[in-house]
Each structure stands twice: as structure tokens, then as C-alpha cells.
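Listed after this line are the structures, all set down as C-alpha cells.
In the two complexes below, chain A is the common chain; its partner is chain B in one and chain C in the other.
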Partner chain A sequence: MSDMLMAPQETTASTKEPRYSTPGTWFTRLAVPIALVTIIVIGAIASPKFLTQGNLLNVLNANSTMGLVALGITFVAVSGAMTDLSVPALVALGALISLGLQPTLGPVGAPIAGLAVATVGGSINGLLVGYFRINPIIATLGTGFVLLGVSQIMTGGGILYGQPSSLSNFVGGTMLGIPVFVWMFVVVALILWPLLSRTAYGRWVRATGGNYEAARASGVPVRFVKALSFTLTGFLSGLCGVLIALSNGQARPIVGAGYDFLALTAVVIGGTSLFGGNGSIVRTVGGVLVTALIGNLIILTGLPTQSRNLVTGIIVVAAVAVDAYFRRKATRA
Partner chain B sequence: MNAPALKMTGISKEFPGIRALADVDLEVRAGEVHAIVGENGAGKSTLVKILNGVYQPDAGTIEVHGEEVRLTEPTEARRHGIGMVYQELNLVPDLTVAENITLGSMPHSGPFIDRGRIAQSANRVLEMLDTGLDSRARVATLSISEQQLVEIAKVLREDPSILVFDEPTSSLGERETRTLFNVIRRLRERGIAIIYISHRLQEVMEIGDRVTVLRDGRRIETRDISGTTPEQMVRLMVGRELAEMFPKLPLTPGEPVLRVESISATGRFANISLTVREHEIVGLGGLVGSGRTEVARAIFGLDHIDSGRIEVRGTAIGGSGVRRHIRAGIALVPEDRKGEGIIPELSIRENVTLPIITRITNVLIVLLRRERAIAQEIVGRLNVVPPHVERPIGSFSGGNQQKVVLGKWLLAKPQVLVLDEPTRGVDVGAKADIHRIIGEFARDGGAVLMISSELPELLAVCDRIFVLHEGNLAAEIPRTEMDEESVMRAATGQVPK
Partner chain C sequence: MNRSRAGRIALEGIRFRLIIVLVMVLIIGALTSENFLTLNMVHSVFDRASILGLLALGLTPVLIAGQIDLSVGSVLSMSGITTIMLQPVIGSVPALVCGLGVGLLIGLINAVLVVVFKINSLVATLGTSLIFASLALLLTKAYPVASQNPIFGLGLTQSIAVVFTPRALIFFVIAILMFIWLHSTPPGRHLYAVGGNVAAASAAGINTNWHLAFVMVLSGLMSGSAGVIQSLSNATGSPVAGSTMLIPAITAVVIGGTPLEGGRGSSLQTVGGVIALGTLTRLLESQGVPSYTQDICSGLLLILLITLDRLAISAERASTSRTHRRERVVSTNPKYSQERETHV
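Take a look at the complex of A and B:
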């Protein structure tokens, strides 16, 4: 029985209960802020460009689409379903449909269709994982191949082009000096943050991931909870695809390649556990910032860009190892 | 000179709040089948785990063939010739019989396994068992009983001089039990000392030479089985003062609330009917594995039933599914608290409001202040110490966790409270609190169905007891006829009905 589990002595007159903390909780709370401060200090010293408004907005702009996916993956991970490997295909579907259907559905109708199809794709994942209880890795690997195949057949493997429209101009532009991409990420994060931390659904997500059987035996609709997490990820992947396609004016089936693991990396670095039950949108936003700034720092300091993978990899392994360590410690008691 | 194969002297073991074994002596001779019997919780499994090096005794000595040993690890136990046959099978279904038997240390030549020697080594032990089992068969194709023989063969390969069978027949039918007994007799003839743990008295009477009776962690008696009647044995197992530990509120049952009509689930239980009324606490007795937990889970909708119906206040619950059963007014405090009761990383507040969380929101957002107030109120009522609702429930003691699980369902205001071992592994103070809460729930008009392996608890708390035996209803015992012997007799299948 470890010390941290012993009851703290009750303070006499106080009605307020002491804030609960273990080595694990303070670490997960502070790791990302400390990492961010460290990166910013190093960046400020290493490169005069690092802390300029232009550079920071650039970094955010370049990472906000990945960030959207990471927000969805957060729900999947916290609900205990690890991750969604079909993200690249869902991104591609959103992107391709939003361009390819422009002639028939118009410049606004096509992106909406893209969002809808990606959402349906996500709900198929949800059905397989939540209701048929297929292992999420296997299920989304499978649907990923199927959906990618669909998008390749759709385009014949080539590139699709779109027509510039007021929507595409808006998406690729800025608002109040800040890129619309960044606005999207911020707005979605501000909506999902309370959804996970303050709503009944969010409570269900954490309960399902924390202990599936206990959640089920407490009347939590566990299958629905998992299904909805995947549906949400489908929608956000579609949104990611739509944004990329509209701003670029073109898209290929490989447009989403790598988004699954980039997003997962941000989620893990943020400190959300892939084993479920534990995580938050704030952490994921932190994880997105850390990964984004590290990449930027490497470029600015003139290190070979190839070393980005190396550094990111080390941080991921460290983050997961720390999580596993505290987890073991917690369950040993 | 003829030292016993195994001699345990003055073995004591204490867990936080529970005295599992107190000064237990056990002497097992080579070539005898020594049965150990006792109620659930009497200390049998603790004794076995000490023998297997899983637990270390707080006091006492263990001698194997006259030589004192310290069993600090399962491998140590094996090294001293102590073999264990568990009730669960630990086989790899896709490997062959021979491969499973030799799995721990496969003979190999160079980097490759040596199939010839694997077969040889496996056949040697299979011959000892004389069962005609083909060592080349894939384990997945074997029956449960044959798989158990493989399990025994696996243990025999280490040439144990002491062999422990822990509830070996729990998953076997009549014929398979015969086969097993023949094997055990053959091993006895080879001079192996056999410890046989079972709560099936008839089997113990048949296969055992001597028996040691445990009760409340103490050795009550060791005696020859010939010359002992089952009645004497039951009395030894349960004969304890029935202290009035649990004050029972005098209540008059009202209208029927829960009515279960001949529910069946293949392989688990058959044709179970029972009724629980307002203000009534009904016990569901029986041995571990008799189907008690399965019936409770089915009533709560956690498991499917093949036929039959479950009614709450005259309305049948259509279909399965926990949420439907909760809506109908049923709640279950599950047996496996860690596995199904709590979500360890969530706080007490978040755990306790889980079934009612959608009712404390303003459309979308959970009303934290109200939620906290609800949690604090119930935590105070249940006497959770310390009453810190924001701490993860996993950091509390078992008794506190159990109170929170109970509180979770009280908040849902059910009509029927099903309790599966509500006080298992809980300290005395928490136990009294839990009994008080159950009593208050019944007083306020609730219907309670309660499972407990602890007979005195059932007898003290319940108005009636249904007893299960091997998935069937063996008896319904009214309060006037309730005593330990009547329940135990029904539970061990000694009442023809």
C-alpha cells in the first residue's frame, strides 16, 4: 500500500477538502506547461525569428488541421478505443468530395457533402468498434483501406481541382489578422473542451474508458459512447480534409497521409492516456503546441529537418513511458 | 524417521482488517488423500496460496519431508515438489497436448525444439495417468475433462511429491469426476501426498482418507473420513455461535416488487423463480459456482436469459440490457467491485452520480455544485471516511469503495436492490454500516435480494433464503426454519427436491 493512498489528516475547522494530488497528477498537469516554457525559452535564445508574430501564426496555421484531428482522437482515446487509423482516408474523403462534387452540388454544397460522408465513415467505425466490439486498431485499419480505396476509385488516382469561390477564399484567408484555419481549431477546441469535461456525455466517455464493465453496470450506454467518439473523429477528419482542399484548390487521395499518427502523437504528448479514462482537450491543445513548436524550432535553428522525427519520437516514447510508470504505480496499491 | 510429506505448523496470516488464518496445523502423509473443507472464507484458499508461495505466512513453519522450507515464490514451491492443479485451466488451446505439457521447459537441441523428446517426455507422464490421451492432439479439440488431465500431466512432469487439487471438479460432470477420481487414486498409489480442496461433501467423503475442517481461519479438527457422517462434517464446518452482530429491523413484507418467473440460461442456471416483496430482505444462498452471481446478473440485465420473465411491480421488463433494467427500478451491487463496481480514476463524486448524471444537468452542462452537494450528502449518510468526494475512488479502502457503489444505487432510487457479496473483503465497521444502509432501504419500502457466502450474515439479515445448487433452486427456507445446517444441506445438494 503506497503512501499517497493514505488518507490525509483532516483539518479541523476547514470545510474545504484538500485538493487531491499524487505524483502522477502533478506530473501530468505540469509536464506540458514546462515543456512549452522550455521550448519557448530555447527558441527565443536560439532564433530571433522564433517569437515573432508572423512565425507563431505560421506554426499555428500549419498545425491546426492536424490539431482538429487530434481533438477527435482525444475522445476516441479517452473512451478506451486507443485511436482511429482510418483518419487519412476520412481526410481524403472530405477533401475529394468537397472538390469533386462542386460541379453538381455547388461551392458550398460539396464541402457539406464531404463533411457528411466523412461523418458517416466515422460512424461506421463507431458501429464496428462500439456495437460489434471489434478491436479498434483492426476495425479502423480495415475501414481506412476501404475508404481510401473508394477515394482512389473516385479520382482514378489522380488530382482533383476545385473552382475558387467566396468560401474557398474565406477558408484560405484571415480574420482579424489570424488565419481562418487557426480560428477553426480554436473554436472547435472551445466547443469540445466543455463537452469532454463538463457534460454528461463527457463523463460517460471517461467512465467508459476508465472501466468499461463498471460503466456498463452503472447504466452508461457504453456502445453508444464509443460509437459517438468515432463519429466525432470522422466529422473532424472530414473538416480537416475540406479545409485543406478548399484552401489549396486541389486534392489527391494521399492528402490525409500521416494525419493519424501526427494527431496521435500530439494527443500522447499532451498526456492523454491511450488506455482510456484519462485525458482532456486542454492537454491535447498543449500536445499540439509542443509538437508544432518543436518542428518549428528545428527548422529555425537550421538543424536538419530530418531530425524532427527523431526528437518527436523520443518525446512520444518518454510520454508513454511516464504514463505507464504512473499507471503501474497507481494500480499496485 | 517416517516424516510426513508435508507438515505445516502454527500457520497464521493476517490481511488488513481480516484474520485469514490463525495458528493452523496441517499434516499430510505420503500416499493419502487429505481433504480440506470449510465454508467460503474459512481460509482454504489462503492456505493453498501459502503452500504455493503466493503469500508468506506471518507466523508458522512448513516442512516438506521433514525439512523446513521457506516458500517465497511459486517457483520455490515447485522446486520443493509441491504441485498445484487449479480450477481454471491454463492451457494454450492451439498447441498440442505434448507441447502444453512441456511448455514450461521444452526440450530442445540447439536453437530448435526437439519434437521427439517433447513427445517422449509427455508420454511418460500421460502413462502415469493411464487415460489413453493422444499427446499429438490439439488441446482445443479436447473436452474440459481431458484438458484438465493435460493440466494434471503438466504438473506431474515436475515430479511433485505433494499435489494440491483446488476445487478440481467445479467444471466437471459426473462421469468426468469419476475419471478424475481414478487418476487421483492412481497417483495416491504412487505415494504422492494429495491435498484435495472441495466444498462438495459427497466427493470428499468418497475420495478422501482424512479431512481437516477449517472455520474462520482456524483448524477445527482433523479426522479419518471413514466413520464420519456428512451431518457431522456440516456441523463441524458451520458450528459457530450465531452472534447477533447485525440488528435486524422488524418489518412486515408488503406487496411483491420483484417477480422472477422461471428464468433459464444455458449452462448457468435453469428454471429459477422467486419473488421479493416490499420491506423484505431475501437471501440467495448457495456455494460459489452454484449460479448465484449469474442469477443476480441476469436479474439486472447484465447477462442474457434464454427464457423466463422478470417483472417489477407487475410490469415485465421487455428485452435485456442494463439500462432497461435500471429504468424498471432494479440496481445491482456487483460481486467484483474492482472489475464492475468502481471506475478507479474517477472521483467519488463522479462515480456516485454516474447512473443519474443526465438528471443533474442544465440540458448540456453538469451542474457541478449540485453534483458535489449530492455526493457529499450520500457520502455523509454512508459514513465514508474521509469524506473527500473529489478524490479518485481507487485511492480508498475496499469498505469505502463498497459504500460508494451502494450509494451510487441509492441515489438512483431503485425499487429492487440486488446485492452480490456486499460485505466481502470489508472491515467490521464498514460491514455494520452497510447492513444499516440495507436495513434502511428495506424499511423505506425497498425490496432487497442479497447474496452472501457468509452464512451467519445471510441468516441474520434475511427474511427468507432461496438456496441454489448447481444452477437449480434447491430450497426456499422461511425465517422460522432457517439455520446454518438447513442452508448448508440444501447448498451441498443433500435435500432431495
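Take a look at the complex of A and C:
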């Protein structure tokens, strides 16, 4: 009943405020700034290289592709569909097609085809989750398994090489001293931030994740909203793959491995709940910075690279446990 | 009228899908390959089904309870490398026990996350899956470990009793024990109630937390035994042994007819699903199809079946709603279902 009363309020109230003022909101708001400061202090003590301009630009450059995926996952999580585990396969498809079709479609046409195919892949996820209401994790695990198989057929299990072109030079280069990758991430984030926080569509996404039945009863096209979140993630994963492939000049089917978990970690660290209803692009950008710096710290301190995944996994479990705790507290109150 | 009849036929088809899939695979196999329907073939399908089968058997009670365990592949890798790495240090039998212990421990961690911290089992086991997959890579520095005592596990794949090998027998015996537990003992039958409706089950006096914890631990132990058996019979512990086994394991359970939605299923159906998937894999292999095409097949089969399950369940709900409209409102109430998702 209280949800029904919330719905009309929401359209008039300022969208800046979260719908529920739980103890959790304070926690999630302060967690990212505190984490960032802590990591920077630890990093500055641990390694003299940490706080140099070169290192920080490198960190941003290396993580902006993962960041693009995280922006898409934010929409998926806020719409109540948890996450998309087919990201590695979609990244691989984008990367392989943008190189593999270069001889037939040209240096610009092939990346566009790569983006298109990844978007179609994302909309298949959207169809399964949004319209057939299949569990999102199982559905995307399945499509990811299938699409990764498809990308392996495309390469025969090997590596694809591309020809250098003016587009690939541009993508791998810098603009005003800042890498084009970082520009891409900033531009996409600046487009998606108001879309999720300030527009009617963004309210639909939050309403779908907050209370599915109430949103449907108030005329929100809930199925379409969920499906579109996955399509967006497909497009952004494709973009991630295209950027990596063009700047490296080569790609193989495992190019996207790990992107799903890193992006998920960034979203969860940012304080966006995997169970929908609230979250924002700004939080995810904060989460991307935190995960990026943690990864950098692990490399600078000389720990083996696999320990990054170990830390990532522990962070995901801990963050979700905290989220579940505050959610239970909020429903009891 | 016509539509509902077509729907009913489709529903029946979904119910008998195990037989449909098996018969289709057998017919295609018999038509395309000369020596497909032989005892030799049965022997090889049974033997190789045992590893996937143990994972799938572990998953079956988890799915019946309405949960999922995505960490089965990582548990398999961890137990396998533990067994092989400890063999030269403490001897083969204690190493085997330690391998099983690792599976039990990870299952216990999953159970604590799900029951004590109330994390959704999908997300909790996704996290532990990532943690233990990378721990396995860290421990082995990403290289497979060769066994110091390769003779020890040799017996597991030797044939006894015409079509069986010891590891296939272990699989079948555990399946039968699990069937007895699920169908003929009160705790087993209570599990179906927990999976069907948690709130109703706990209102009826069933300790739902205990049941959920037990199935998570059991799943860890079963995946652990799969890892131990696989590493001993291959005399190698590979850190990525389980990385591609999750989807086939879930597919086998779902082919057998245990839906993701909980409250239904049986271990013998899972045995059928494992054999059907194993026969399909064997068929594709005999045609020289590369392994990633086999992945595509099992992935597509999984997506198709869970979509059909979903449609069947909504069709059932729609048909009951005509007579029990109020009940339907209760059972699809979003707040209730969301609570179930986040709190159980």
C-alpha cells in the first residue's frame, strides 16, 4: 500500500533525493569518497610512482573500457535485473567483428558492424529477461556461453589481426593530452548521467527496479525498460570491444574475460543495489575509480595479477552483504 | 479454445522433454554414425558422465530448494588441485580427504553467506565462484599440477561389470541414495516445500534455514568429490578444470526436468539429463565437431528449456487464476516475491 502512495509523490518530488532515506543511503554516499581517500593515502605511502600524472592517466586509460561496461550494468542493476554475465562474449564479438570484417566493410564499416552485432546480442538478453522473465544471471550466463562459442568459431580459436587506419590511430591516441579512451568514457557518462537521474525514462528504470508490479500498474513499460537496459549494455560492451581491438590492432575470443566482474564490482562499490530501485551514474563513476585504483595498487605493490580477481570477488560479496543488511533493516523499520 | 489446446500439448511436451531429447539424440546418432548404439558407447558415455553427473546431482537439491550454486566449477578446480598438490606431502588417501574437505568448506562458506548474511544465492555463489577460481590460479601459478602418484587413481576408470567404471558406479549409487532421501524421508520431502514456498514451509514448522544450509553444503561436497575423482583419474590437477563445467551442469539438471523455479525435480531425472547431454556430446564428438560448437549446443539447449519452463509456469498460473483469482494475487505479489529473492 505504501508503494502505491509513493508513486505519485515521486513524480512531483525532486528526483535528486533517493526514494528511501535508510541508514544505508548515508553509508553508500560516504563509502566511495572515504574509500578513494584511503586508497590514495595507502598508494602514496606504498609506492612513490602512485601519485604521478603518468600513472594516474595510465590507470584511467586502462580502465575506461571497463568503465563503459559498468555504465551499462548500472542501468541493468537499477532496473532490477542484477547483472549481465554475457559481457565478455559481447566485448569479444565487438572486437572480433571490427577487425575480422575490415577487408569486406572497410576500416569504418567493420567497427560499426561490430557495434551492431553486440547491440543485437544485448537485445537478445533483453528479450529473454524482459519479455520471457527468465532469471537474468542464468539467461546471460547461457547467452554468454553461446556467443563466446560463436566468436571462437569466427577465429577458429586463434587471433585476428587488423590493418592500421586513421580511425585506429585516433582511437589509440590522445586529445588535449588525455587519451581518447578516457574522453569516450567521460562523454558516455555525461550522456547517461542525466538520462538516469533527470529524465522520465530514468524514473521508469528506477520504478521498474523498485517495485515491478506497481510500476507496471502505473503504466510503465516495464518489459521494454528491462530489455532496453540489456540492449544498452550490449552496445557499450561492443564499444568496449571495438576500442580495445582498434587500439591493439589484434583481438582474440578471451579479450573480454573478466570485464563482467570488474564492471559489476565498480557498480556495487559505487553503492548501486543489484536488486534494483536506486543507483546513479555518478556513483558508478566513483566505483570505477575505486576499482581502478585498487587494481593499480595491486600491480604497483608487485602482487600477482590473479589476486585482483580475488580482491574483486571479496569486495562484491562484502558489498552485497552490506546492501542486504541495510535492506532488511529498512523493511523492518 | 484452439490456443489453449496447443498450449496444453506444449506443456505435455515440456513434461516429457527428457525422453524427447534422448530419443532424438539416439535416432540422429544411429542414423549418422555406424557404431553409435553399442555397449562400448554406453560404457564411454557413463564413464565420462560421472564428473558432470556429480556436479549436476549436487545442484539438483539446490534447485529444488529454489536456490542456485554458481560456484560448482570453481569448487571442482579447487578440490582437484588440493588433492594433487597434497599427495606428495601427506599421502594419497589423506590428500583425497582434504580435497573433499575443501569442497565441504566452500559449501559451508556459501551456506553461511546465504543463510546467515541473507545474500541472494545467485550473487553469493557468483562471488565465491570468482574468489575460488582466482585462488586456484594463484595457488598453481596458472599451471596444471602433475600427480606424484599417478597409479593411485588409475582404478577409477578401469571397467568393471560390462558398461560401468568405478567412478560411474559412484555416480549412480549417489543418485539412488539421493532419490531415497528426496522421496522417502521427511527431510527430503520438506525440501520441496521449502522450494515451493518458503514462507508457507516455515509457517508449517519446517526449519527452512537448516534445509537451505544443508543443500549448499551438500552441493559443495558433491562438486568437491567430482574434483577429487577427476584429478585422480587424470593424475593432474588443473586450475581451470571446472571453468567451463557450470553451464553443462545446469543444462543437465534442467534437461532432466528440474526447473530453476524450485519446488520440483528429482535426482533420477538429473541422471537422465546427464546421460542425454553426455550422449549428445559424444555424438557431436564422433562427427568431429569442435568443442566450442558443443558449448553452443548445450548453451542453446539451456536457454530454450528455461524459456519453455518459464512459459509453462506462467501458463499454469494463468489457468489457475481463473478458478483461484485471489490465490494468484498472493503468489505473484511483487513485494512478496522480491522479499523471497532478497531475503532467502
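The definition used in the following text is that the second predicted complex is superposed on the first by the 297 of 333 C-alpha atoms of A that agree within 3 Å, B and C clash if a C-alpha of one lies under 4 Å from a C-alpha of the other, contacts with A are read in each partner's own complex, and residues count from 1 in each chain.
Here, contacts are C-beta pairs under 8 Å (C-beta built on N, C-alpha and C of every residue); 3 or more make two chains touch, one makes a residue touch a chain.
Not measured: the values here are computed from a predicted model.
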Let me test your reading of the model: by the given contact rule, A:204 touches which partner, first (chain B), second (chain C), both or neither? first
Which superposed partner A:138 touches (first chain B, second chain C, both, neither): second
Quick check for you: in the superposed arrangement, does A:219 touch first (chain B), second (chain C), both or neither? first
Contacts of A:278 with chain B and chain C, given as first, second, both or neither: first
Touching A:194, do we find chain B (first), chain C (second), both, or neither? first
Which chain makes contact with more of the residues of chain A, chain B or else chain C? C
Please report the chain A residues shared by its interface with chain B and its interface with chain C. 211, 213-214, 331
Which bits of chain C are touching chain A when the two form their complex? 68, 70, 113, 117-120, 122-124, 126-131, 133-135, 137-138, 141-142, 246-247, 250, 260, 290, 292-293, 295-296, 298-300, 302-303, 306-307, 310-311, 314, 332-335, 338-339, 341-343
If you look only at chain B, which of its residues touch chain A in the complex? 16, 300, 302, 322-323, 326, 332, 334, 339-347, 350, 354-355, 357-358, 361, 364-366, 368, 385-392, 394-395, 408, 412
Touching residues of chain A toward chain C in the complex: what are they? 3, 82, 85, 128, 132-135, 137-139, 141-143, 145-146, 148-150, 152-153, 157, 211-214, 261, 274-275, 304, 306-310, 312-314, 316-317, 320-321, 324-325, 327-328, 331
In their complex, what parts of chain A are in touch with chain B? 1, 4-5, 7-8, 10, 17-20, 22, 194, 198-200, 203-204, 206-207, 210-211, 213-221, 277-278, 330-331, 333
